[in-house]
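The block underneath contains the structure these notes are about, expressed in structure tokens.
For clarity, chains are labelled A, B, C, D and E in written order, and residue numbers in each chain start from 1.
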Amino acid sequence: MRPSNFNLKKIGKAPGTLTYTGNKTRDKTILELITYNDESYKKERQDNIESISFMKEDINWLNIYGLNDTNQIDEIGERFEINNLLLEDILSIGQRPKIDYNSNYVFIVLKMLSFNKEEFKIEEEQVSFVLKDNFLLTFQEREGDIFDKVRNRIESVDSDIKKYGADYLLYSLIDNIVDNNYLLLKELQTMIDKVEISIIEENYDDKLKDIYKLRKELMVVKTSVWPIRDILFELINRVSLITSDVKEYFKDVNDHVAQIMDYIMIYRETINGLFDTNMSATSNRMNEIMTTLTLYSTIFIPLTFITGVYGMNFVHMPELDERWSYPLFWVISIIVCGGMVTFFKRKKWL
Amino acid sequence: MRPSNFNLKKIGKAPGTLTYTGNKTRDKTILELITYNDESYKKERQDNIESISFMKEDINWLNIYGLNDTNQIDEIGERFEINNLLLEDILSIGQRPKIDYNSNYVFIVLKMLSFNKEEFKIEEEQVSFVLKDNFLLTFQEREGDIFDKVRNRIESVDSDIKKYGADYLLYSLIDNIVDNNYLLLKELQTMIDKVEISIIEENYDDKLKDIYKLRKELMVVKTSVWPIRDILFELINRVSLITSDVKEYFKDVNDHVAQIMDYIMIYRETINGLFDTNMSATSNRMNEIMTTLTLYSTIFIPLTFITGVYGMNFVHMPELDERWSYPLFWVISIIVCGGMVTFFKRKKWL
Amino acid sequence: MRPSNFNLKKIGKAPGTLTYTGNKTRDKTILELITYNDESYKKERQDNIESISFMKEDINWLNIYGLNDTNQIDEIGERFEINNLLLEDILSIGQRPKIDYNSNYVFIVLKMLSFNKEEFKIEEEQVSFVLKDNFLLTFQEREGDIFDKVRNRIESVDSDIKKYGADYLLYSLIDNIVDNNYLLLKELQTMIDKVEISIIEENYDDKLKDIYKLRKELMVVKTSVWPIRDILFELINRVSLITSDVKEYFKDVNDHVAQIMDYIMIYRETINGLFDTNMSATSNRMNEIMTTLTLYSTIFIPLTFITGVYGMNFVHMPELDERWSYPLFWVISIIVCGGMVTFFKRKKWL
Amino acid sequence: MRPSNFNLKKIGKAPGTLTYTGNKTRDKTILELITYNDESYKKERQDNIESISFMKEDINWLNIYGLNDTNQIDEIGERFEINNLLLEDILSIGQRPKIDYNSNYVFIVLKMLSFNKEEFKIEEEQVSFVLKDNFLLTFQEREGDIFDKVRNRIESVDSDIKKYGADYLLYSLIDNIVDNNYLLLKELQTMIDKVEISIIEENYDDKLKDIYKLRKELMVVKTSVWPIRDILFELINRVSLITSDVKEYFKDVNDHVAQIMDYIMIYRETINGLFDTNMSATSNRMNEIMTTLTLYSTIFIPLTFITGVYGMNFVHMPELDERWSYPLFWVISIIVCGGMVTFFKRKKWL
Amino acid sequence: MRPSNFNLKKIGKAPGTLTYTGNKTRDKTILELITYNDESYKKERQDNIESISFMKEDINWLNIYGLNDTNQIDEIGERFEINNLLLEDILSIGQRPKIDYNSNYVFIVLKMLSFNKEEFKIEEEQVSFVLKDNFLLTFQEREGDIFDKVRNRIESVDSDIKKYGADYLLYSLIDNIVDNNYLLLKELQTMIDKVEISIIEENYDDKLKDIYKLRKELMVVKTSVWPIRDILFELINRVSLITSDVKEYFKDVNDHVAQIMDYIMIYRETINGLFDTNMSATSNRMNEIMTTLTLYSTIFIPLTFITGVYGMNFVHMPELDERWSYPLFWVISIIVCGGMVTFFKRKKWL
């Protein structure tokens, strides 16, 4: 949901024209097929849809990495009879998370968020899902490890995943993506805590920019997570392809999304609170310094005036000749000084 | 609802995998069974589900303290045919308050809030309820006294609780948890009053951090209480297991939750008001001091200039030799001083 | 809706336990019965429900003043078959405005607000209504004059009230309570106007605390008035006990409540506007003073430097011996002074 | 919707008691009847309902100016069988815009807003409409020209108005009142533009009070316009008296109201933006001046110190006797001065 | 949606009176007809509706440029039996985006936004659509290139557009207008980035006015885009003239609008964040300078006092005659100076 992902390349083009709007990488499109049933498991890697042999009886999970090669994507679309508008959504990287479905297929676009600590920036990867019969297709921009945990669970002999259909696999992957946000929240929490400590301990770091960035990144998370609620609502209440057993699991994901939204709300308020507190604290500290210094100067002002008076070169200044004048000057100075300090203390200015 | 309770341990695991996400304590799981009917009452304490003898005719209230021992929890789940997803929710301490139910059972997760005065922090304990026939199971992280008042009411000979079924017991416990929030609000009120007095009396305490913490803690309360409304809505309007008599009582709890939400809203506004007022008051006070001091200095500036003039060593300065020069200097000084004070007073600057 | 009214006394108690949560006063419970039909009118005063003789054919309005004596209230409850939960609500002074009803009775709790000018504080009195057949019961904490206008209307020979049933009496009383809020708004308006004038005329009163209090009190009004909308919605659309003629009148009350909510919204915005304007105005005024003073000082700084230069005791300072030096000093001083004033004026700093 | 219009006079009175809550003016109630059909047109002016001759076959538009004389209003009410509650609403000047209707009549109260430039204040006039068969009654507080445009259209030979019934006349008048708000928005726009220019050109007008007043007046407009949406919703969807042809026209009014609400929202945001920008700009300008002055002073501080040093009267100060001392002093002064200016420039402080 | 487009010219006029409320330009109304079927394509340009020959079998797209000539528009309206109220909407340039339809026609008004970089201002052009059978009429204020991309697609031999009906053409044009907003967002993004960099790099540009303008322009975009959601909702769910195939495409447009709204929300928050950060940063920077300068002055204050003391002309000042006095003065000066710097550093003030 980064503005850099604007679909500018597509304005005025016919809908259904396949254009990849992400960053061009040199990666070829790679296809990885995992087929399994409750007993067996097989993994195959190809760079061409033709060379892949699907197992019609088993559950087929086809990972597609790299979306540069629009021809390849087009072929896959044809092979699985995917509507051109949907293929367009898969390639359109600035796409908002969405769901589309009918009685034959479910199509979902999600955002996988990860935190780039060095640049203090949340990065997104778009992941699309197409569920059709016992086939599940997942499209990613580049090869990554985000689904490794699920892959491991499938590989393990006694996996629960093998007992269910492709819809359960879809659930497992979406659950994985949603729960991944907790890691992100954890990072944000760490950043917030750092700023909070820095404010409470009155360090002199530049908290302003950190707060500004936190605000901005939080908004990115919010915009990515918010539409998932609608997607899950559709999945749970409307989509007929999902079995009711698996819908129960999706309700669980829904709880997690609700919780993440709660956190985002809390973080938002906390960050606003931090901003206000920081502004007030900075201003208070400044004021404190200024007051102290000003009071300090104020004490010297009348004394300096007196020294000025007796620095004048009038011929007729009787005090100048008196023995006691100079000691008296010091006495008066100390009295004035003490009197002002007492006055300021009583007024609670010092 | 503390970020520290993030379900990080569970990302990528199969749903239904039992993992306790709370703080590991060394406490064993303890089971306490209270059985009663309108005449008799019995209490039993075991550390093993096997050793417990339930009274199928009576109402059975099984307290489970300590959720470390996931095997134990698993056994309990099997004994009462509780879905694995629900068991997972019970153990997942960062769980959002939720309700799940069908015609056989009602499952509720709530947060018990308490105020830790020393750390100025609200602490949460997760409490889960499973209602099934005349059985009520309650799961707590550690043994505590929060339900003692209800226990006492059951023990008393002429208790109203004994006249109703297990759903009324559920109501009594939830009512207890909800009303417990009043204690919390009382604490917050005390804190707010303290800050308010401190601002109005213009004390020099550090009000900023208190206000920041109040804001933060209030948000924790809000996030815990808010979902209870949905839970109660379901209980009152949808759940078939609850008799309509007891539903009337739940409406009463609903009124309390609405009132607590009102208070939270009021507190929120009040705290914002305090923050603004504090900021303005601090800034006004500072300005007042600065103005006074600056005016004070301003009066001396022309006088000091005059002393400077007659401190110059020019050979030809006719005033220096006159007898009346020095007294005149003082007269002018007093006139300038008085004139400026009058001017400032008329301008309402002083 | 004051936090001081927290139902702390009731946590953990059985529902339906009668506990008066208001301020204990020594007042005995007093019962005042007004019976009337379209021809006759009678008033009776007792301190005991037993001694009262109701007129089953007429409309009976029973005022109950003082809620200390829970036994008395209990007896009244029994006499009129009022559910214990409702009696509890009557006695629970921190109760949120609410309505409860079935085909036999209507039960309403409202807040009567009045403004305590001396303490700058809105005070609440809880008033409860029970409508049953041609009986209307009103419960107040202490004897007061709030319903006097209605009483007078009943006493007058040709009253419209006598033409209708007890539901119209209920309407008249609720209308009275709602319209009473206009008096309150009038007070708030006066306070707001005072602060507004004080800001516009730039008086030096402490406007901050007034604004803070206004904000706080407005919130109390809002929380009291808001739930009345729901109550009226129920009365107009759902309650079968109210005749459709009287429902028309309740719609009128609804208009008033909507208007009061509008005012509260306007006041809220106005007070926020006042706060912002005051903060800005104070800060501007301060800045104006500081700038003026600083400019003033700045003019003297170079002059004082020059006096310093010629106050130095160097042996070889050719200017010191010249006749024109001292007059020249004054000329330069005046030129510098004038130049700076011109410069500041051109820069619009002065 | 001005607080000055509080219905204080009516608290505790029986509903239906006719009390005029507006400003007492000495104007008598004047009745102006316009009757027309698609061919003829007649205008008649009386001060008494008795003397008016209605044309039952034609469309009758009865203007009532001046609401002082409640008897007169009462008579009109009786003549047209208008419910007393509605008559009350007509006279109650602080009335919120509202609609009431059944199958016989439509009753509408609206606010006519006009901008009093001299007092910088929006003024309201309440206009009430009663539509019954081919009769339309309009009630205004004083005789005015707001409906002149409609009157002219009726008078013109070939008017569209004559082709429709009284409901179309009602539409024309309401359309007139709603569109009149554009004039108001235009005035507000002018004010906003004035303040905006004043801020951008950094004039020294008192923008704060203008902004405060703009905020306040905008709120008055909002509160007057907001309820019209509900009124139009009822007119378009529920009121059976309005023919479906005319309903199409009311949809058009609805579009205008939606647009006015949009403008109000935009203005609100703009004014908030102006306030913030003004505050920041003022503060920046102030800071700029202060910094410049402070830097200026800072340059003189060490120089003044040096003059002080050589103004000391110590007997043994070797520098005093040297020839090059005084020229050196000036050299050092210029170097220090130049160095500091360079330093400040490099630090971008100057 | 610019206030300058107020419909002031129309107040009080009969509805359906055709008045062009835009800027009078000298352009004549130009009609451009594009007719096509799946095989052929023809383009014709006339300045008169009479001279145009429509192809009843083909799809006819009639572009009308220039709305000055209301007679011409009237004739077109008559020719296509367009309701006068709709023609009025077409000419009323300040019109809010809206949809109107029945089973015969669909009428849509939209805003085409473009960014005028030089004046930093978003400009609007109103575009109206009338769809009727296989006729699509588009009305624009002046001849422009906004639909060129669509025109090109039609001209190309193998265009998808030719396979569908006029509703698909309508979709293509609306899609074009909506996607055009991405260009606008891109411009806003560039502006925001510029301000952001300027704040983070602490440049001295006037960021305030940029932020104010950004806020204001963003609001214009929001008000233009917001109503499109309602229009699309109607198109997708209610309008019977649109085939279900094309409705799928409109859903796609809906996704884009949702995304644009997301961006607007993000920008709004970002701009607010920028404003706050800028204000804080400016204030911090200022405070930093002031503190440094004040500390600097504070160091000289006691030293200047000492020079004052020994500049006094008292006859009896023993220190003056001592040899070591002057060197001691310097030693003391350096010690005082060093001591204060150390003190300030330890207090973290420097």
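Observations, loosely collected:
Following the convention adopted for this analysis, contacts are C-beta pairs under 8 Å (C-beta built on N, C-alpha and C of every residue); 3 or more make two chains touch, one makes a residue touch a chain.
Listed by chain with UniProt protein names: A, B, C, D, E = Magnesium transport protein CorA.
For clarity, every value in this text was computed on a predicted model and none was experimentally measured.
The distance from the centre of chain C to the centre of chain D, each centre being the mean of the chain's C-alpha atoms, comes to 26 Å.
Averaging Cα coordinates per chain places chain A and chain D 42 Å apart. Multi-chain contact residues of chain D (touching two or more other chains) are listed as 283, 290, 294, 297, 304, 308, 311-313, 317.
A ring topology is adopted by the chain contact network, closed into one cycle in which each chain touches exactly two others.
The sequence of chains round the contact ring, opened at chain C and continued through chain D, runs C, D, E, A, B. Taken in their complex, chain E has these residues touching chain D: 1, 3, 6-8, 10-16, 85, 94-96, 98, 204, 208-209, 211-212, 215-216, 219-220, 223, 275, 278-279, 282-283, 286, 289-290, 293-294, 296-297, 300, 303-304, 307-308, 310-313, 317, 319-323, 325-326, 329. If you check the complex, the residues on chain E that touch chain A are 149-150, 153, 159-161, 172, 175-176, 179-180, 182-183, 185-186, 189, 200, 248-249, 251-252, 255-256, 258-259, 262-263, 265-266, 269-270, 273-274, 276-277, 280-281, 283-284, 287, 290-291, 294-295, 297-298, 301-302, 304-305, 308-309, 311-317, 348-349.
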